[in-house]
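As structure tokens, here come the structures.
Both of the next two complexes hold chain A, though its partner changes from chain B to chain C.
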Partner chain A sequence: MTAHSSAPADVKPGRYLLAALGRDPVSCISLAMLTTLFLCAALAPWLAPYNPLSINMSRVLQGPSLDHFFGTDGQGRDIFSRSMFGLRLTIMLGFTAIFVGGTIGTLFGLLAAFYPKTDTLLMRLMDIILSFPAILFGLAVAAIIGSGTTAVIIALSVSTTPLVARIARGAALMVLAQDYVSSGRAIGLHDWTLLRRYVLPNCVSTIVVFLTLRLGQAILLGASLSFLGLGTQPPTPELGTMAAQGIGFFFFAPHVTLIPSVTIFLLVLSMNILGDSLRDILDPRLRS
Partner chain B sequence: MNDDKTIVAQGARPVLDIRDFSVELRSGKTISPIVDKVNFEVHEGRTLGIVGESGCGKSMLSLGIMKLVPSPPACIAGGKVLLDGTDLVPCSEREMQEVRGNRISMIFQEPMTSLNPVYTVGFQIIEALRAHSSLTSAQARSRAIDLLREVGISNPEKRVEEYPHRLSGGMRQRVMIAIALACNPRVLIADEPTTALDVTIQAQILDLMRSLKSDSGTAIILISHDLGVIAEMADDVVVMYAGRIIEQAPVHSLFAAPSHPYTQGLLGSMPTVDGDQERLQPIPGTVPPPHDRPHGCAFHPRCKLSDETCRTQRPPLEEKISGHKVACWHTGLGARP
Partner chain C sequence: MLRYAVQRLLLAIPVTLGVLLIGFILLNLVPSDPATVRAGPSASAEVIAQIRTEMGLDRPLWDQFLRYVGNVLIGDLGTSLVNNMPVAEELSRAFGATLELVVLCLLWALPTAILLGMFAASRRGTLWDRLIMGGSVAGVSLPVFLIGMTLLWVFGYKLQVLPFTGRGGPLWTVNGLRHAILPSICLGLIFIGPVARMTRTSMLETLKADHVRTARAKGLSERVVIFRHGLRNALIPVTTLVGLQIGYLLGGAIVTETIFSWPGVGRLAVGAIVANDIPVAQGAIIALSLGFIAMNLMVDLLYAALDPRVQAK
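Up next is the complex of A and B:
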């Protein structure tokens, strides 16, 4: 046991992660940006200077000013406040979809790896779902249950599930080939215990890293669906919907479209950079 | 005195009785036997050594006894595994889960990778204990500490909280033994338990297994390709070649008078301490792959004594001297090394 005693004994995993992120300036900036955006979203009801829904026709399409930091939109609503609430909804959509899709996908992937008999059935089903573009899925779901937040969440979850299932299956197959799974079997553990205590914890880092990378895409997709008018319906503030609403005035009031778009851009960019750094830290194969 | 023990043991019912046990590898339409109609018995408090080259079916045999062969492609094709008189082959997976770790346990070859990296060693011993008994977590914990002390781990109160990556290979193998012995199994299958360890640790682990055997009366199946380990540990030895048993004898009889040309070859390829050999004698060729086993005696392409009979007819495993069984057409002729 001397071989590993050079590592400090009581490093908390969280602190280790932060320290590793801190060494890279780009990750630091993304982390700071993401934190700011998340705080804005979380504290929107308390920080927003205006009601995001209150219309003021005497202040239509104003540019940025001290009264309205990001100006006002076509109905005189404060874009700063609407962006905060929109960010909140966009992030919530993304997280819900990633959570639902991630859970179902992980379950499918682990089952397919653990019970080879179900493998073909489950994975071909996933392939079929994968063959539909997510936008098309959104269209279909919106056509069936009507456009709205629920439609976006369903479309995003369904399109995330097969991707996660594949990643989870691959990771689980690798874990299942490890000796400790055989020794778990040899002490007479039930399948469910093996899956829960041996397979899942050992492939969870792969799945989590994939999900953080997928989160950015999911948010982008969710915003796209809303932009196309399939998701959140106006006047509810959502970044994609807001960007779509500004298109009519793009040439004389570009900020109406640009501000929500740039917010989405910054959100997804910082998430992707962080996801990448997280993968570099958590994936032992990439560690030098 | 070894003979006396053999006679006593033969009167009693064996703990584990393997009869005509076969494991097959099925891929597409080809069926390849990996373990072919193997018969042996293991008695309480005794050690059976299984020797053979890589690929002769030793590990598949041990996994087969536990019904842990990777299926598909492998499957148990027939025979009986009688544990205290009950056949395990027809048992359901759920019944097998009750048997595994409880009445038969197993130690694997690679201690470095045989422990779950995300849990402490204490948790893993407790897990084995609680899978088969109704101990409370406090009782299980103190039993885990006792077990760690029994397998010779110093400061067990502290070690139960350690994660596997903080233990050395020898320590991990001790933990594996503690897990295997947690529920006082009737049979312990040790699949090359010391192969991955260096020689001093190897000796310590073997000493440990020996003292545990005499304390608990657990029957041990020791699988190894190391004849030195077998000579030191086993009471009876089974030599396997290409999925079949080719020689079966009490340990002293096997080492004093190896009868099968393959066993002679194995012994001839080992260095001796007195060193009166000039060169080691390797056995030419390799073990035939399971889908392409030769007709007749599977060893004939590599055997100096092979003749027409060997090429066409498979020799039966017959008792040549008392307790010493050999499957070779030539042993009666006084085969020389």
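Up next is the complex of A and C:
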């Protein structure tokens, strides 16, 4: 091997990634913010000072104080604790949808690329789904199975699937044109082995980068559906639902709506910034 | 151009039928029985059966679908389960309001976004560029309801300069326009970010092209180079993006209408779903889908008008 390769093979990919992110201050701040938010969400049952569901009518709509860092809501519940649990549910919603949509989409995309006979059928189906905006899936699913967390997950998964299928198909077609795939075929590898061992690992970075960019959008959309009353139902803490519950007292206690909304903003903002940096580092092909 | 337009129009027919089919399936998948909802909680089984026959719910599904498509074609979308009003009448009123909101939003947000993108591209790497691009990332990360509630708080409540609930009449009246300002600003703000970003990227690409270098080499002023030789070519990918953003805009419109009590289709749909008023919900979802298809069609035609290469394909 010659000396000019920029990423030496003996450096672990994780460390290379962190070093690349570390060079950009904005990415560093985003990473720190995202880590904090994820830790708050993950450790909510242990860190939250109050039970997110316990009502205290003698402490209704209080502003931020030392007792209640973010104040209390219309039923005297601690907003700080509710935000932690809400963040947990909001992140889980986004991840579930991205995981389900990402898996099905990748499967469809790889099949379409690998078996040209299925290509037209699968991709036309994806085009049809793609021609409906995600929010309409949300409305339709909520109308059919009723409002709730499940409705949001289904709507987000369905609307993510065709996008991932397109990306996966494109990436797989590029991999399939490589010599090593023809070589694999020539030595008589089974289709499944070829897909699993050679095609999928070479498409994964493109798909993952896309999914990190999609995660923020999915979270925003899920929160919007909850805000409209079609997603997670009260009293379960979810950031969009919490924001909607504060509307009734918005003029004299704006923090009830603003705190969960700003939390969503910070979460999605740090995800978007990191997603952009990841794309630049991992997948130079997508770089503009 | 005409041939292309006709082709695109014909392609929209199967999609429209698909929307109607989905709308119909929606009606039949709902677990609650429309006849029972219509009859009310205390109705006897006979009354429910009679209403079922009246509504044609005892006929085979394919027969119901054909009747349903026929009815939609003559503008009959059934009546609301809640207030017995014809759905088509409620929808036509609401559709106008939504259209007003979207048009007003595009009218200010699209030129603003394109100008911001061009400005950032022409000042590449400067503080302005970074500010605009940073704002664009923040813009796509903001929940619509945070924008809406903040506008409502500042301009509607604190400064009390603009009304913030409902529609004040047609747009050409002073009161109508005043009522529409806050909702259209709210909707526009989520739209500016991605469009400005795309314009900047596309403009930078175009400014590298040979014909731009030629234009500069023959001594044209920078303004002529950017507007006449750069912009038109740079707008082609932007048009595609605007088409892709329409779904996003629709989602924003539904939330915006709910926050500002704007009597549009989105608010109608959400209200109907929450109230289990399936005919209205179905009608509103169909109307939103058809509106979406129509806007995409317009974007495609605009695209062809901007880029003669598309028509040749």
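Keep this in mind: the second predicted complex is superposed on the first by the 275 of 288 C-alpha atoms of A that agree within 3 Å, B and C clash if a C-alpha of one lies under 4 Å from a C-alpha of the other, contacts with A are read in each partner's own complex, and residues count from 1 in each chain.
Note that in this section a contact is a pair of C-beta atoms (placed from the backbone, for glycine too) under 8 Å apart; a residue touches a chain by one contact, two chains touch by 3 or more.
Note that the structure is a prediction, hence the values are computed from the model and not measured.
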item	value
Combined model on chain A: chain C and chain B, fit or clash	fit
Contacts of A:L139 with chain B and chain C, given as first, second, both or neither	second
Partner chain(s) touched by A:Y180 [first = chain B, second = chain C, both, neither]	first
First, second, both or neither for A:M57, with chain B first and chain C second	neither
Touched partner set for A:H190, first chain B, second chain C, both or neither	first
Angle at chain A between chain B and chain C, C-alpha centres, nearest 10 degrees	100
First, second, both or neither for A:A243, with chain B first and chain C second	second
Touching partner for A:P116 - first (chain B), second (chain C), both, neither	first
Chain A: partner with more touched residues, chain B or chain C	C
Smallest separation of CA atoms, chain C relative to chain B, angstrom	17
Contact set on chain A toward chain C in their complex	128, 131-136, 139-140, 142-147, 216-217, 220-221, 223-224, 227-230, 240, 243-244, 247, 250-251, 254, 257-258, 261-262, 264-265, 268-269, 271-273, 276, 288
Residues of chain A that touch chain B when the two form their complex	1-5, 116, 178-180, 182-190, 193, 197-198, 201-202
Residue numbers on chain C that touch chain A, as the complex places them	15, 18, 22, 26, 29-31, 137-138, 140-146, 149, 152-153, 157, 201, 246-248, 250-251, 254-255, 258, 269-270, 273-274, 278, 281-282, 284-285, 288-289, 292-293, 296
Residue numbers on chain B that touch chain A, as the complex places them	66, 68, 72, 96-102, 105-106, 108-110, 113-119, 127-128, 131-132, 162, 165-168, 171, 176, 179-180, 182
